[in-house]
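Here's the structure, in structure tokens; my notes come after.
Think of it as A, B and C in the order they're written, each chain with its own count starting at 1.
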Amino acid sequence: MANGYILQMKNITKTFPGVKALSDVTLEVSEASIHAICGENGAGKSTLMKVLSGVYPYGSYDGKIIFQGKEMMFRNIKESERAGIVIIHQELTMIPELSVTENIFMGNEIVEKGLINWDKERKRTRELLEKVGLHINPNTIIKNLGVGQQQLVEIAKALSKNVKLLILDEPTSSLNESDSKNLLNLMLGLKKQGITCIMISHKLNEIAAVSDYVTVIRDGQTVDGYAVEAGKVDENKIIKAMVGREIENRYPEHTPKIGEVVLEVSDWNVEDAKVPGKMLCKNSRFNVRAGEIVGFAGLMGAGRTELMRSLFGKTIGIFRGGQIKIHGKNVKIDSVQDAIKNKIAYVPEDRKVLGLNLLDSIRKTTVSANLDAIKTRGLLDFDKERAVAEKYRVSLKTKCSNVGVGVNTLSGGNQQKVVLSKWMFTEPDILILDEPTRGIDVGAKYEIYKLIHELADQGKAIILVSSELPELLGMADRIYTIFEGEITGELPAKDASQESLMKKMTVTA
Amino acid sequence: MKSKKVLSVLMTAVLAVSMLAGCGGGRGTGDAAPTADTAATVETAAAAGAENPAPAQDSSAGGGVVGVALPWLGTQNWAEAEVMFKEQLEAAGYEAIIQAADQKVPQQQQQIESMIENGAKVIVVGPVDGSQLGSVLEKAKDAGVYVIGYDRLLENTTGVDGIVQFGSIQTGELQAQALLQGLKELKGDAPYNIELFGGGPADPNAPNFFTGAMSVLQPLIDDGTLVVVSGQTDFTQCATVDWDNSKAQSRMDALLAGNYSDIEIDGVLSPNDGIARAIITSCENSGQPIPVVSGLDAENESVEWVWSGRQYSTVAKPTNALVAETVSIIDSLLAGNGMPETDVTANNGVIDVPVYELPPVVVTKENAKEVFADDPDRMALLKD
Amino acid sequence: MKYIKKVLGEDLRQYTMVVALIALILIFNIASGGKMITSSNFQNLISGNAYVLVLALGMLMVIVIGQIDLSVGSVAGFAVMVMAITARQFNLPWYIAILVALAIGVIAGAWQGFFLSRLGIPGFITTLGGMMIFRGGVIWISNSISVPVPSELKWFGAGYLPEWGPAFTGMNNSTLLLGIIAIAVYVALQLRKFSHSGDVTGIKEEFWPYAVRIGLVTVIIGYVTWLFGSGRPGTSFPIPGLILVLLIILYHLITERTSFGRHVYAVGGNKSAAELSGVNVKRTYFLTMLNMSILAAVAGILFVGRSTAAGPADGTSWEMDAIASVFIGGAAVSGGVGTVIATMVGGLVMAVLNNGLMLMGVGADKTQVIKGFVLLAAVAFDVYNKKNRR
């Protein structure tokens, strides 16, 4: 450890049948630092971390791992954890029905005379929670915690294992702004305690905020690496390294052609089905015009998704009154079928859980919301189906060998394109996009942005829900802010700034 | 690599099938199918003789093939029947195919079909449900196979040539007489408190047992000598579904709890040994003195119980005799002499079927040694 | 290799069960001294198992949608028992009797569909309750005594197609006609597919794989036709088999070519996503359960047609055979995966195993054990294959 590196991964090469996932990757991480790794989806970041943590055992890759001055040959995760390397995955691995204490000590219980010593476990849990800045009862059931808190519990669990190197895979991807900030601060705190963190992230602003060093991986190779000066980083330089080309503008140029009001929602009220009395939407009132992109800003849990899903056939909460006018006419929308009939489309925020049947092929998914359109004499016509899928594959530039392959084989960006094509095929007038670029790498994001612009130019009314304020500012023509189920503000994008939005997202107007 | 292997298997299989296209089948009427391929024709002609179930023309395999389809091997008499059929049929020079159907009707149907396929000339059927083999037995008849019902009536079909069984009405009468005899011997003077049990309703014998028994008991119930305390005297009330001992035991428990809290039970009419033991166990568990209980089948355990005085009587239907009778009918059939003469017939819902009845024997402690004198296995149970 | 793929399609693994089935038939044929591949045995095989395969058709959809139906055997038994009793009581003609059985199927299915779709009670529990209710019902209304059914129904369970026309064909001419129709339809479909092959991609496919396919299928159908048609005069491809084939075609179309079929797969694959794509999830659940019970009634009719009487134990553990067929056919326990054709192959594997072991004189006890192992092996093989594909 004389050289100051806690971890050196030297010349790592990992091949899968037919694919070289990593070739000659070198990663050096200094002790007590925050090291960011970025790269497009599929660049090899996760593979590298799996090599490090022993998911791919020693011998299944070439190269050397030197941790704290010693060469490591992990055969499984248990061994890497024993050495002090813990990964916190993007998808949380807590058991929702068990308490915080039980989760933290899962598989690692404090056992005395064959029985678990709950008092000791709880005491230790409280200490750990203190360390991560979480002030909750150790007996709390995990499912009652927010995602941000769950993430902190995960970190507390890692601390319970005497972690020396903590790897966080896209830690803030499902967190809201304040939880993200909280987490980043915690990482800085851990750094002070001498714990090294590796952070895999797409979010360049976060990387800039906390990391000491950035390594960029592209196509399984280390492309670039440089130290970051006290919270400053050249974002464009990283993007260029990630995608291999300069993206001059992260949001494409667009001149909106705004027409008549298409959608008008007034006095929309929805009550939470689980918590009586709690309103998910309070007297919401907004409108969207043809060709217009309307952004919805709000913190996680503010009620953006709830508002959209209740508009889209009342699939959430208990409806407590409100009107929808489309093209000036009152309409009644009680089910998703009604919504589709009224030419509304909704691209949900969680692609894998709500947007796709991962068992289906691209062609089946593309037509799945509009089967009537491919029927011949009452039966589904596979020729038409293939033609439709093919058309969207070409026009959206979906990367796949053919439209018969399963959507589970696609990257996030291409999956999202398939979801979009599914909804484009219903030929909607109103397109609701809920976090359309979450978990998608920079290059694919740009393509999706262009697509959104094209759709707007076709005269569709577009609602864009996003947690990323720059995205809203870059894409939307007009932005509504939501706080605790209430629409708290409406302002043209050109007059808005991150600060002005954030103000309305956190304080009732 | 792997899919290559799979493929080669596939190709071989397809090849083999297309080669096999020459054999098997055949219309069986003698005029073999004329096809363009002469080789296939020759093979077909050969196959028609060798493989078709045409028992009349094929006598190469000794005395011929005899199929025995039994309902299951879960009780002693069926298990014994399996062994004895095998021994006696093979001793008589036949090739025996013996299969048990695990109490499942579809299984038994397919087993009988496979016996026809295997060229059986006579099929002995101890049915799971005597009324559910109709079309299969008719198929056997069409194929020229003789069908003999064993121990149970084969109903609702024309495809049956005869039934070999113990007189079932007579069995019931004997059970009732033994019950009365026991009551007089052990339980003092009338009136006697009794309960009645019937067998599995799906077995056509069960109502007959009950009817036979009631022909003896009903007059005595009417004149007050016997008192059925629960009042349950209909067969449907007393029946034991599937001859299931545990169901009988539950019913007995309920009867005792409901009717015998302050009186003693003196006797129980039981249709077979398993149910008899269930009844006795139930009485013992509820603190009742052991009642006089009838039985049937002379199962080993019950023979011991009769010998030790726990169960008053059983009725032996010596499987040996029934099998021997069946085999003698088979001998007659395969010698070309047809079904032997008999006076008794039973209507099975479609036709009158000749019935060959054997008399059952009551077994009590007194006569056990005489009855089983020729049965070393059971004699061994009668130790002092 | 490349050429074979062109004929059979890219995914050759789907043929593994077919290979296993053919291998089983050949092995049993050798082991039983040629008794397996005979007209009469294949006729038996089909008429003796048609009812299970009919059940498996419905069970496939239930399993694809992510549920299970434990009540099918009891529903089948109940439907035919009601049919038998009412037919005897009121002297109903056979076609009314069939309608009675189907009506009971509809009622039973609607009952279970109601609990699953409206009240959201899992299918396992709904149908466990149904299993007890309908089994109890059978025993109750029948007093545990078998009841004969109208004799015309025998045609459905054990009947044969009529004999007609010239004798020089050497087989049952009805069967021959069916075979010719089947080949003609297949040829027509393939030719149509070929003529449309370039429509989307613009690249016309080669003709020879079509020709090879047509040749192969012609040989297979021809052989099967001959096998079934050349039995003892008066026999043919069995009626229950014909009913089964018609149902297979119908359900193949329903699952592959209708919105309802797509919806079943969508709900089974991802219920939330299906709901947000405009699928009426409740209706799909309801119709799937309804359909299952109607098919259970059909299976019951085929069965009592063969056994000539409705018995108190009819249907006992049929659900297990149907479920086994579906899983051997490669369906996923978690739903969303499975096809009609593969399920039929799965069911036939079980049937051939049963039949072959019986021909060899293996007892029911050992047969059961072997079938259990085959189920495990088939599913394990499938899981192993899927893992390796990743």
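Assume contacts are C-beta pairs under 8 Å (C-beta built on N, C-alpha and C of every residue); 3 or more make two chains touch, one makes a residue touch a chain.
This is a predicted model, so every value here is computed, not measured.
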Point to revise | Per-chain CA centroid nearest to the all-protein CA mean | key: C
Point to revise | Of A-C and B-C, pair with higher C-beta contact tally | key: B-C
Revision key, fill the gap. Maximum distance between Cα centroids and chain A occurs for chain B
Check your understanding: Using CA atom averages as chain centres, what separation in Å is found between chain A and chain B?
Key -> 70
Point to revise | chain B and chain C, separation of their C-alpha mean positions in angstrom | key: 33
Exercise for review: Averaged over CA atoms, how far is the centre of chain A from the centre of chain C? Could you give it in whole Å?
Suggested key: 44
Study note, to complete from the structure: chain A residues touching chain C in their complex are 312, 315, 335-337, 339-340, 346, 348, 353-360, 364, 368-369, 371-372, 375, 378-380, 383, 386-387, 390, 422
Practice item. Using the touch definition up top, name the residues of chain B that touch chain C in the complex. Key: 2-4, 6-7, 9-11, 13-14, 16-18, 20-21, 23-29, 31-35, 47, 50-53, 72, 97-107, 109-111, 113-114, 116-118, 128-136, 139, 142-143, 155-157, 200-202, 236, 239, 241-242, 349
Exercise for review: Spell out the part of chain C that touches chain A in their complex, as residue ranges.
Suggested key: 196, 199-201, 253, 256-259, 262, 265-266, 269-270, 272-280, 336-337
Review point. Contact residues on chain C for chain B in the complex?
Key: 1, 4, 12-13, 15-16, 18-19, 22-23, 26, 29, 34-35, 37-41, 44, 48, 51, 139, 143-146, 148, 154, 157-158, 167-171, 216, 219-220, 223, 226-227, 230-234, 303, 305-309, 311-314, 316-317, 354-355, 358-359, 361, 363-365, 368, 388
